[in-house]
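What follows are several structures.
Here come two complexes built around subunit A, the first alongside subunit B, the second alongside subunit C.
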Partner chain A sequence: MLAYSLRRLLISVPIFIASTFVVFLMAVLSGNPLNKFLAISPPPPPQTIEAERIRLHLDQPIFERYWNWLTGLFRGDFGPSTESTLDIGTEVINRYGVTLRLVFLAMLLALILAIVAGVVSAVKQYSGVDYTLTFVGFLFLAMPTFWFAILLKEAGINFNNAVGEQVLYTIGDSSVYVAGGAWDKVLDIAGHMILPTVSLALLSFAAWSRFQRAAMLEVLGSDYVRLARAKGLRRGQVMRKHALRTALIPLTTVTALDLGSIISGAVVTEKVFQWQGAGTFLLDAISRDDVYAIMAWLVISATVIIVLNLVADLLYGVLDPRIRYA
Partner chain B sequence: MPDNSDLSSATTQTPEKRTRVEREFTVAERSQAQLVLRRFLQHKLAVGSLIVLILIVLLAFVGGWLWKYSVEDLTGSNSQPPSWEHPFGTDAIGHDSFAQVLRGTQISISIAVLVAVFATVIGTIWGAVAGFYRGWVDTVLMRIADLVLTLPLLAVAAVLAHNTSGSWWLIAVVIAGLYWAYVSRVARGVVLSLREKEFIEAARALGASDSRIIFRHLVPNALGSVIVNATVLVAIAILIETSLSFLGFGVTPPDTSLGLLVSQNQTAVSTRPWLFYFPGLFIILIALTINFIGDGLRDAFDPQQTKVRA
Partner chain C sequence: MLRSKSGAARAAALVAGAALVLSACSGGDGGGDGSGQTGQIFAECDANPNECNSSPADQLQDGGQVTMALEKDIANWNLNSSEGNVFESGMALKGVLPSTYLSNPDLKFTMNEDLLESAEQTNTDPQTIVYKIKQEAVWSDGTPVSAEDFIYVWKTQNGKDCPECAVATTAGYDQVRTVEGSDNGKTVTVTYDKPFTDWQQLWESGQPIYPAHIAKEHGDLNTPEGLKSAFDWFGANVPTYSAGPYKIENFEKNRSLTLVPNERWWGDKPKLERVIFRIITDAAQEPTALQNNEVQVIYPQPQVDLVNQVRNIPNVSSYVGLGLTWEHFDFNLDNEVLKDKALRQALFTVVDRQALIDGTVGQFTDKVEPLNSNNFMPQQEGYEDVISETGQGTGDVEAAKKILTDAGYKIENNRLIDPDGQPIPEMSVRYTTGNQIRQDSSELFAQAAKQLGVTVNVSPTDDLGGTLESGEYDIMLFAWVASPYPFANAVQNWTTGQGNNFGNYSNPDVDRLLNEAAAETDRQDALGKVNEANRIMAEDAYVLPLYQKPTFIAAYDNLANVRNNSTLDGPVYNIGEWGVRAG
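So, the complex of A and B:
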C-alpha cells in the first residue's frame, strides 16, 4: 500500500507542473491587463502605462514570466494584480475557504443522496420508485444550475415569508454582524449555506445516482453475489458487505473527476446567491483582465482537483485490493 | 455488435418481412442502418422526444422568422402577462418575450450543435489516433486530454470567452476547444476494444486489406458510440452555453440566448414570472429531449448493453 501511495504521489507532481503551464497560457491569452487604460479619457501619459507594464511583468519574455510566476508560487507570491492595492494571495485563499466549504458539503450531500437513490433504484428495479427516481435524475440532468438556483432562492424567500422569520438566507455567505456567541455564528453560516448547498448538490446527484444504479445492477447480477446468497447469508448482509462495497468503487473515480464541474457549478451558484467567494473573485478578475488573479484562481482549483484525485486513487486502493497489490 | 456484412448469408435474421425468397427460408436482408432505425423507432420515449425536439427547432428557426415581432421591436405594451397577442408576455420596456425566446433558442441550439460537431471531430480523431497507435503517442495524447479534464471547464471557458465579443460561433469554438477531451476518451476506448474483437481478426484471417478493415469494420462499428456521444454533447453544450451567457461571458446584447434571457430576468421571477420561466423551460425541454434521444440511440446501436444493464 505504501509503494502504491508513493507512486500515485509522484505521478501528481508532473501533472501539477503541466497544469500550471496550461493555466498560465490560458490566462495570458485571455486578455490584456493594460486594457483598463483604454477606457480612460484623456489617456494617461505613456510613462504611466510603461510603469504599469513593468509592474505587471508584461515586458518580460513569456517563458521568463512563466518561470518567475511558478517559482513565486512556491514562495507564496501569486504575482501583481491590476488593482495595486489587492494582495492576490490572501484574498484568493480567503475566498476559496468560503467556496470549498460549499463545494465539499454539496459533494457530501450529493454522494449520500446518489448512493441511496442508486441502490434503491437497482434493488427495486422497474418498480414505481425506480421509475420516479429515474425521471427525477433525467430532469435534474437537463436543468441548468442557475435556473434551479434562482427557483430555490425564490422558494426560500416564500418560505421565510410563510414562517414570518428569516430562517433561510438568500443573499451572501454570512451576515456582516451576528449578535451572540460562536453558536449563533455557526447557525448564521448554516442558514446561509442551506439553499446554495442543496442547489449545487442536486445537479451532481442526478448523474451520480444514474451511475450508482448501473454499478449496483452490474454487481447484483454477478456470480459472487449469487454465491453469497446461496451460502445462506442474509440478504441485507450480502447487499451491504458484498454488493455495495464493490459498487462504490466506480463512483469514487467519477466523483473525483466531476470535482471540476462542481467548482464550475459553485461559480454559478455563488453568483445567484451573491456570495463573496472564489467564484465572484474569478468573475471580477476576468472582467478587469487581471491576469495574475485569474492564474491564482485557476492554479488553486487545479491543485484542489489534483489532490482530490490523489485521495480518490488512494481510496480506490483501500476499496479494491486488486489495485493495491497489482 | 459485430458487422455481419461478410457473413450476412450465414447469420440468422428475424424472418418477419417476406420480400425475397431464398430456397425454403424466407429471410429479408436488412442493412445495419435499417436495423438501428427499427430499434430506435421501438423506443417510444426517444421517438416522442425526437418529435418534440423537431417541433422546437421548427418553432425557433421557422416560427421566429414568421412571427410578427422581432427581438428589437418595442411593442408599446410593457410588462404584459401572456395573452394571444403576446404568448409569452412582454418585458419592462415592451419587447415581445416570445420573439426573444425564439431568437434565444435559435442561438443556443446553433452554438450547441456547432460545439458537438467541432468537439466530436477533434475528439474522435484525437482518441482514435491514440488508440490506434498506442505506445508513446497514446501516452502523450491522453495525458494532454486528462490535463484538460482536470480543469473546471466552465470557469476556463469564461476566461477564454471573455474577449470573443459575444460572437456566437467563437463561443462555440471556445467550448468545443475544451470539451473535445471527453470525446477523445470515449473514442480511444472504442478503438482499443474494437481492434481486439474477433470479427476484426476473422476479417484479417479471411485476407481483408487494412483499408477494408478500417472502412467496413472499424468505422461503422465505432460510429454508434460517436453518434450517441455527439448527441449527449449537444445537451451538455446547451447547458454550458446558457451558463456562460448567464455569467455574462457568452452571448451578449443586442443578441440573446436562453441563458442571457434568464440572467436578465432573474429578478422578475416573482413579479413577472413569465419572463423567467419560459426561457428556462425551453432549456430544460431541449436538454431533456436530447438526453432521451441519446438514450434511445444508445439502445438502438448497442442492444446488448440494454440486456446486461437494463
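So, the complex of A and C:
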C-alpha cells in the first residue's frame, strides 16, 4: 500500500506543475494589478507605480516569474501580494482554517442526516415517509445556495424576533465583543455557526441521502441479508450490523471525493455569512489581480484534493476487503 | 430591541432555533408593529446637513457600543501611501489621526478646531501659511503634536526627500519650499515656491498627520532610507498612537477594528465606551445584519433593492445623500471620427440625462438631478451651470440632427454619413462589469445614438483603469470624485498630456486657465478661471457630466449625532460625538 501511495503521489507531480503553470499564465494575462492606480484622481506619482511594478516582479519575463515562484514554494515563500503588508502563506493557511471549520461541521451534520434519511427511506420504501424524504432531497438539490442562505437568514431573524432574544447571527463566526463568561462565548459561537452550517449541510445532505438510500436498497435486496433474516436474527440486528455497515461503503468514498467540491461550494456560504475563509480569499485575490495569492490558494486546494483522492482510494480498499491494491 | 437573558434560556433558545431552521419553518412575522414614528432621525438632514440628528451631550448615555459595517479589510495603515489611500481605511482611522482641515456634510471644508487655533495665509509672495497648533494637543503617549509631525509628513510626501516613499500623491507638498516650527513647535510656518491654491489640502483629513517621534524610532528622518523605513512601518503596523477622540484597542484582520476612548484626548470626551468597525465585504449582506442588530450603522452604495430592504426595517432611519462622486460619459478623442466637434456635440445633445436618471438612481430617490459642471457639485463653492446653455444632455433629437446637418452630415437609411460621404463606423461605449446602473445608462446612450444613425455597442470592462489607459474605448462611462480642493485635480483631469486625461483632450485656453487657477493665492479668482475653462470644455463636448452619485446611510433611531457625510471623510467625520440617546 505504501508503494501504491507513493506511486500515486509521484503521478501528481507533473499534474501539479502543468496545472499551476496554466493557472499562473491565465492569472498573469488576465489583468494588471497596477491598473488600479490609473483611475484615481490625482494619480500616484510615477515612481510609486514603478516601485510597485518591481516589487510585484512585473518587470520579469513570465517564465522567469513562474520559475521563481515554483522554487520559492520550496522555501515556503509564496511571493509578494498586491497588498504589501500581507504575508500570503500565513493568510491562506488561516483562511483555510476558517473554511475547514465550517466545512467539517457541515459535513458531519450532512452525513448524520443523510444516513438517517437514506436508511429510513430505503427501509420504508414507497411509503409516505420515503416520498416525503425524496421530495425534500430533490428540493434541496435544486435550490441555489445563495438563495437558500438568504432564506435561512430571514428565518433566523424572524426566530430572534419571536423569542425576543439575539440568538442567531447572520454575520461572521463570532461577535467581536461578548459580555459575560466562557459559557456566553460558547453560546455566541454556536449562534453564529448554526445558520451557515445548516445552509452548507443541507445541500450535501440532499445528494448523499440519495446515495445512502440506493446503497441501502441494494444491500437489503441481497442474498446474505435474506439469509441472516432466515436464520432468525432480529430485524434490528440485521439492519445495523449487516445491512447498514455494508451500505456505508459507497457513501464513504463519495464523501471523501466531495470534500473538494464542498470547499469550493463554501465560497457562496462564506460570502453570504461573511466568514472570511479561503473562498473569499480567492475572490478578493482575483478582484485585485493578485497573482501570487491566487496561486497560493490553488496550491493549497490542489494539495488538499490530491491527498483526499488518495485517502478515498485507500479507504475503499480498507472498507471493502474484496478490493486490494497490488 | 433585543435583550439578554440567562445562559440556560439562551441555550434552550439555540436548540429551538436550530430545530426551527432545520424544519425550514420561517415564522412570517417580519417584525415591527408599526407603532410610534420610527425612521425619522435624519428628517432634518436636507435642510440642515451639518447639525441634523444632534443631541446635546447631557441627553446621551454614558457608555454604550456602536458597530458600523466597514466594506473593506484594512490592509495598510498609512493613509498617505498609495496602498493605504482607501476610503474605508480612512473612515476607520478618522477618530484616531489628526488633520488640519475636515470635510463637512454640506460638502464644504472647515479648519479642524480640535487641532488648530488658526490657519492663515500671511503672505502671498512667497505664499506663506501659518498654522497654530493647540497647546494642549498631544499624542496618546503624551508627546505634543508639533511642527515635527508636519515636517515628517511633508518630507515623505514631497517626492524629493524620500523619492522611494510610495505616496498616494505629491500634489502641493512638492511645491512647498520649507516647513518650519517655532513657539516650541506649536507654530508651523509653510512657505511655498509657487502658489498652491488648494493649500488647505495639505495635512487635511484625507492625508492626515502621523507622529514624527514614533517615525524616528523606525528610521533616521534626515535620510531617504530612514524616511522610507518609517513610512513603510506606519503602513504595516496597527496604530498604537492616537491624537483623536478614540484609540485602537484591537484589530482582527478581516474581522473587526475596535476603538475605545483615548484618555489623553483634550477635546470633549466621547460618550461611547466602544466603537466597532465590523468588516462586511458584501454590501448585500448589510441590511440583514442591520435588521438583526449585529451592526447599528451602515454606509453602503445604494441600490434599489438594498434601499427598499432597509426602509422596511423598524426603528432604523435611512437617508440618501448626494456626494462628491459624479458619473460622466467621456469621448476618446484619439478616435478619428470623434475628433469632429459637431458629432460629439450632437451625440451629447441626444442623450436625455433626466430619462437616464429616472431609469436608474431615480428609482430610489428623487433628489438626483442632471449635473451641470465638470468641476463642482451644486452644494460646493464655485458651482456654475455651464452645460444647460449648450443644450447637451437634453435628449433633443431635432437639435442634435440640426447640429449634424449644419456641419454637412446626412442621415440615410438610418445611417449617419459624414461630410465626406463616409458612413460613421460602429463605436463602443464601455462601463465597469457588474455595475447595473452603468450598464443601463450605457444602453440608454446607445439607444439615443441610434436616433442619429450611429451604432454604439455596449460592452463591459473588468479593468477600468487598464481600458482607460490603453484607449480601447470610444465612449467611457465612469466617475470622478470632485474634491473639495478642486484645482490640482482639474489640471490632472483636463489639461494636455496629464495622466488622468485619458481621452487626450487638448485645448490651449483650457490648459492656461486651469494651470493659472491651480497657482493662485486668491481662491475666488481661481474659481472664476476654472468655470471659464469649463465653459470652453462644455462647448468642446469632451465630457458630459450626468449626475451626482447618491450615497446612503442607515442607523438605529437611538443613535444621536450620527449623520450623513457624503465627502471622503464619510459619516465618521464626527465620530467623537456619537452617542446613544438616554432612556
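By our rule, the second predicted complex is superposed on the first by the 244 of 326 C-alpha atoms of A that agree within 3 Å, B and C clash if a C-alpha of one lies under 4 Å from a C-alpha of the other, contacts with A are read in each partner's own complex, and residues count from 1 in each chain.
FYI, contacts are C-beta pairs under 8 Å (C-beta built on N, C-alpha and C of every residue); 3 or more make two chains touch, one makes a residue touch a chain.
All values reported here derive from a predicted model rather than from experimental measurement.
Legend: residue contacts after superposition of the two complexes on their common chain; A:Q125 is shown touching subunit B, with no touch to subunit C. Residue contacts after overlaying the shared chain place A:I263 against subunit B, while subunit C stays out of touching range.
In the superposition on chain A, contact of A:A214 is made with subunit B only, not with subunit C.
Applying the stated contact rule after C-alpha superposition, one finds that A:W147 touches subunit B and leaves subunit C untouched. Legend: residue contacts after superposition of the two complexes on their common chain; A:I294 is shown touching subunit B, with no touch to subunit C.
If you count the residues of subunit A touched by subunit B and by subunit C, you find the higher number for C. Contact with both subunit B and subunit C is seen for A:K271 once the two complexes are overlaid on the shared chain.
When the two structures are aligned on the shared chain, A:A27 is found in touch with subunit B, with no touch to subunit C. Once the two complexes are laid over each other on the shared chain, residue contacts for A:I157 go to subunit B and to subunit C alike. Residues common to the contacts of subunit A with subunit B and with subunit C across the two structures: 31, 150-151, 154, 157, 271-272. Of all the residues in subunit B, the ones that touch subunit A in their complex are 143, 146-156, 158-160, 162-163, 235, 239, 242-243, 246-249, 259, 262-263, 266, 269-270, 276, 280, 283-288, 291-292, 308-310. Within the complex formed with subunit C, the subunit A residues making contact are 31-32, 35-45, 47-49, 51-52, 83-86, 91, 150-172, 175-177, 179-180, 183-184, 187, 190-191, 194-195, 198, 271-274, 276, 280, 284. Residues of subunit C touching subunit A in their complex: 2-5, 7, 9-11, 13-14, 16-18, 20-22, 24-31, 65, 67, 73, 75-76, 82-83, 85, 159, 163-164, 166-171, 232, 235-236, 252-256, 258, 274, 276, 278-282, 285, 288-289, 291-295, 462-466, 468-469, 478, 480-481, 483, 488-489, 492-493, 499-500. If you check the complex, the residues on subunit A that touch subunit B are 15, 18-19, 22-23, 26-27, 29-31, 125, 138-139, 141-147, 150-151, 154, 157, 214, 217-218, 221, 257, 260-261, 263-265, 267-268, 271-272, 282-283, 286-287, 289, 294, 297-298, 301-302, 305-306, 309.
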